[in-house]
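Got some structures for you, see below.
Each of the next two complexes has chain A plus one other chain: chain B in the first, chain C in the second.
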Partner chain A sequence: MNFRVLRRQTWLYLGASLAAFWVLVPIVFTALAAFTPKQDFYLWPKPVVPRRFSLDTMRFFLNTHGVLNSLLNSVWVALMTLGLTLGVGAPAGYAMARFLFRGREAFRLGILVTRMFPTALLAIPITVNFIRWGLYDTLLGVALIHTAMALPFAVIITTGIFLGVSKELEEAAMTLGCSRLGAFARVALPLALPGLAAAAMFTFVISWNEVFAATILTVQNRTLPAQVLTMLRVSPLYFRFAGGFFMIMPALLFMFFIRRYLFHMWGGATAER
Partner chain B sequence: MAAEIKLQKVRKEFGKVVAVRDLDLVVRAGEFLVLLGPSGCGKTTTLRCIAGLERVNRGRVFIAGRDVTELPPARRGIAMVFQSYAVFPHMTVAKNIAFGLKMKHTPKEEITRRVQEVAELLQIAELLDRYPAQLSGGQRQRVAVARAIVMRPEVLLMDEPLSNLDALLRLQMRAELKRLHREIGTTTVYVTHDQVEALSLGDRIAVMRAGEIVQLDSPTQVYDQPATLFVAGFIGTPPMNFLTAQLQAREGGLGLKIGEFSLELPPAWQGKLGEDTERTLVLGIRAENIEVHAQPGEGRLPAEVVVAEPLGATQLLTVRVGDDILKVATDPDLPVQPGQRIGLSLVPEKIRLFDPDSEKALA
Partner chain C sequence: MNWRRFLGTDTLLPYLLLLPTLAYLLVFFLVPLGNAISLSFWGEEGFTAQHFLGMFQDVKFGEAIKNTFFLALSIVPLQLITALLLAMLVNTRFRGSKFFLYLYALPLGISDLAAGLVWLAIFTQHGYLNSILMALGLIERPIYFISYQNVGLTFLTIVLAEHWRATAIVLVILVAGLQMISRDYLEAAEVLGAKRWQKLWYVILPLLKPSLQSALIIRTIFALQMFAVAIALGGEIVPVLAGESYYWYSSYRNPHIASAYAVLLMAISLGMTWVYLRFLRTRPEVTRL
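Up next, the complex of A and B:
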């Protein structure tokens, strides 16, 4: 029996290591390339430990015309997306978690159905309408599309979070003198906050990483991924690595900080912490 | 300080399910009333209607003579202890207990004083700085009770507060709740499905079934004189025994026939069983009111032992009489074997009779 457990553990760790390897190797190479001086970049065979470290490539990337501007655009779009998504998604999630209403299951399904249509299919109609509404090539327009993309996840995630906060806690607050709103603000919200923060970062990253809609819907006001994508096609290899590294960093950092809450986010039961 | 609660034709429906069916109930000021019933009988819903956590579909709720039907829980002068305790996990014990007082903008010094007072009353004074996650179930329970009574509510509502505790702790807390009620004297409504809890705690017990109160009486009355077959079969460990019996009029009184066995009814029954003296009834009698003889004999109801369970202080026998199965308690030393024929004598004064159709007690 012990042998069986051991064998299973071995396979599990082997599989996990392989998966980690699969994900990490490109990231490591990207990072190395981004911080290698231009002169060493084409060296072959590649030294495992880089001999020299340089910020030149990164500096060059950041100073390239349009990068800084698109970076600011990306931050703005991501923040707007965040506000819109949580502003609409969190109350929806709360309602799903707390109230029984007609069509609740249909609503739950309908949320996911919105993700059924490929963005490519919707690109033309959306572009046409955005031009008509004056949203084309605006940050708000991009933020709205990102919101549409992130909202289903936000609703599902926040439903899980609020399900994790026992209803009796709010009721207890109400019997102790709180109004419905007060009970939410004083009890449910503080308890849901870590999960909500994780959901917020998740939304932020969805917007930050989104390329397709951002490329189609903007011309002048590009977000960073859209800008990088168009730029990279005509750039030298080391420059592409710098851009790539810069793009993945926020996502990596985000995952690092919220990994503890990820379980929470997907609806783990955490009523009594 | 203690207030009367009055429910007037209260009705609560969830979709097509009627959880509380036009319920009338008066809880006297200072009384400890237990709502007892199997799960799904509407007892918790009734409590939540008093608390204001459920809106009633019809009827009115009065607390201290004030119509509170439309008021939110915060303005009803109640406090509640929940089954899951519902202690706020993100606050210390002290903050938990102080929560309600803070909501009422009580002065700081008074809050500190009252929290300390009630913490000592419930013996959790040394836990005030801890978080609920660092407490045991029993301690959380005390915090929940402290948080409720620190409010000095007119009405204290408890929803199965002991059901999540282990048996020993439950026994201890039960006695403590009783002491607490004697000390603070608040009108208390207590929901439970545990009849032992109900019998030990209640000044009166309201036995509920299918959204209605079947019997509302003192514990002794509910136990000795159950109003229906349901109450008789629900209360007591073991519950009341039932035997099919034939009513017979005879010279100088009434009698019962159980199979071949005849039994004289005490004269007190005279005139209480109506005109029809030749009908089938259900005889109810508690285990402790049946005397067991190792041998069948003259004047004894013949029975056959099915199972014998020694329980320490007593021996519980499961016996068969005709088609009916009875539970009887006997001396643990009585030598009986499964399959053995024995004789039973019923204490005539302790017999209850029920109408098999209406299931109501005859008396």
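Up next, the complex of A and C:
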């Protein structure tokens, strides 16, 4: 290997590692903080790696009134959101991927435009309406608004996924005697399934992370971010760090599972026909 | 009429498949949009500007609008530059570049509130940064990164946290864009003797323009809406527009002024989008949001 190539390689890896460091270090700190015993937070200077690892802080967090409940609420809301979002949005994605029809472009633009409106703009009037409709402070209410926020993404993502499943296979199944529904269920759906699972996880993360709407829509039935946000001012620092850790971990896990689909989804969002 | 055959035709089927999405967005998007506008403009005696006047008179309003703009202005360009550098780095496809790209994309799954708390652990008075600086003997007593005495520094911590959290999305969009640029163009430029910066300036950047545009629009809109990072890190030290909307609803129970803030945010978002579309013009068929 000649010297110039070697030097170039060195710079590449140096740059790449530096950026990786920048991304990872805060996550490592959060994990360390979550396993640091409570009293260590009052030490100065605080040891970066705790003197002993303990579940103290996490136990305190989980035992705080309302937290465990909000954790379960978050899971329920996210599950409902992903069911609703895919149920409503995936057919539209399929239509966008398979058919050329009048109004297709207008629909695509309309979907993109919905992403430009601030959450607050939807959340406040929906909350006012939900008070009237008896959906205020219910998990279903939160899931409904999260679905509204995740739906445009779901349509775009599923369009990309169905574009990736060849239309010819479905047509072949139909010439061999399958109905359209049969061809979809036996050919397109199994092939699209991994992509749809990734889309589902992504929807889950959107709901899991959402805080504005969840906070103003609930009083008793908080989701985890809503619970943490409303307790910010009255909670000790270690409570907040543990809260950050709990919110991040599932999201990171999901990101790991869907890493191969990231470009399918986001690349698809921009590169799709 | 044979319904089964009618439904099976390709003329009607796509519309039937779109119907659930359209209906959902009508009830949970268009209607609330109208409601928000009427909430902010409608009083007891019909049309009124009193809610907007109330918003303008809010003691935090001036600060909030200033902070929102300055935050977006300092975060978005910084993210674009970082993401572009990283995207080019990853696009050289060195051994292990996929792994690094996955690492860089990690913050995509992290919420704004969580990101704020992550950086709070670092910047708080007895946090990690101060502890490390102290251990290295660089400081004698903790620096107050987050305090009313030092709003500038607090602002900076928010910029860093947002940069850390939300650069991933720009990166993913740009990498996707770079991958679509055919190697032929670059090879042609090389044959014609283009230097590295010339390739970047005259070939890559113009071809990347649609991706840059979508990244800019998405990031600016989300940066303008940002609020949980600011609250988690700085409490009310650095008020922002979305945060004011939240406080007016949750603390003061005033949906009218909260909506006025939201409508203002929408107007700013639409205005910025228009500016980007106007000044970063690309062929209309490749414009992406």
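In this text, the second predicted complex is superposed on the first by the 232 of 273 C-alpha atoms of A that agree within 3 Å, B and C clash if a C-alpha of one lies under 4 Å from a C-alpha of the other, contacts with A are read in each partner's own complex, and residues count from 1 in each chain.
Note that in this section a residue touches a chain if its C-beta (ideal position, glycine included) is under 8 Å from a C-beta of that chain, and two chains touch if they have at least 3 such contacts.
All values reported here derive from a predicted model rather than from experimental measurement.
Look at chain A after the overlay: chain B and chain C fit there side by side. In the superposition on chain A, A:Glu210 makes contact with chain C only, not with chain B. In the superposition on chain A, contact is made by A:Ala20 with chain C only, not with chain B.
Within the superposed three-chain model, A:Ser166 lies in touch with chain B and out of touch with chain C [touch as defined at top].
Chain A has more of its residues touched by C than by the other of chain B and chain C. By the touch criterion defined above, A:Thr175 reaches chain B but does not reach chain C. In the superposition on chain A, A:Pro190 makes contact with chain B only, while chain C stays out of contact range.
By the touch criterion defined above, A:Gly244 reaches chain C but does not reach chain B.
The superposed arrangement places chain B and chain C with a least CA-CA distance of 8 Å. Under the contact criterion defined above, the residues of chain A that touch both chain B in one complex and chain C in the other are 179-180, 271.
Contact residues of chain B toward chain A in the complex are 51-53, 72-74, 78-80, 82-84, 86, 88-90, 99-100, 103-104, 132-133, 147, 151, 157. By the touch rule above, chain C contacts chain A in their complex via residues 8, 10-11, 13-15, 17-18, 20-22, 24-25, 28-29, 31-33, 35-36, 39, 85-86, 89-90, 92, 94, 96-97, 100, 102-114, 116-122, 124, 126-128, 130-132, 134-135, 142, 164, 169, 172-173, 175-177, 179-180, 210-211, 214, 217-218, 221, 224-225, 227-228, 231-232, 235, 242, 245-246, 249-250, 255, 258-259, 261-263, 265-266, 269-270, 273, 288-289. Residues 166, 168-169, 171-180, 182, 187, 190-191, 271-273 of chain A are the ones that touch chain B when the two sit in their complex. Interface of chain A with chain C (complex): residues 9, 12-13, 15-16, 19-20, 22-24, 26-27, 29-30, 33, 41-48, 87-89, 91-92, 94-95, 98-99, 101, 103-104, 107, 110-122, 124-129, 144-145, 147-148, 151, 155, 179-180, 205, 208-212, 215-216, 225, 228-230, 232-233, 237, 240-241, 243-244, 247-248, 251-252, 254-255, 259, 262-263, 266-267, 269-271.
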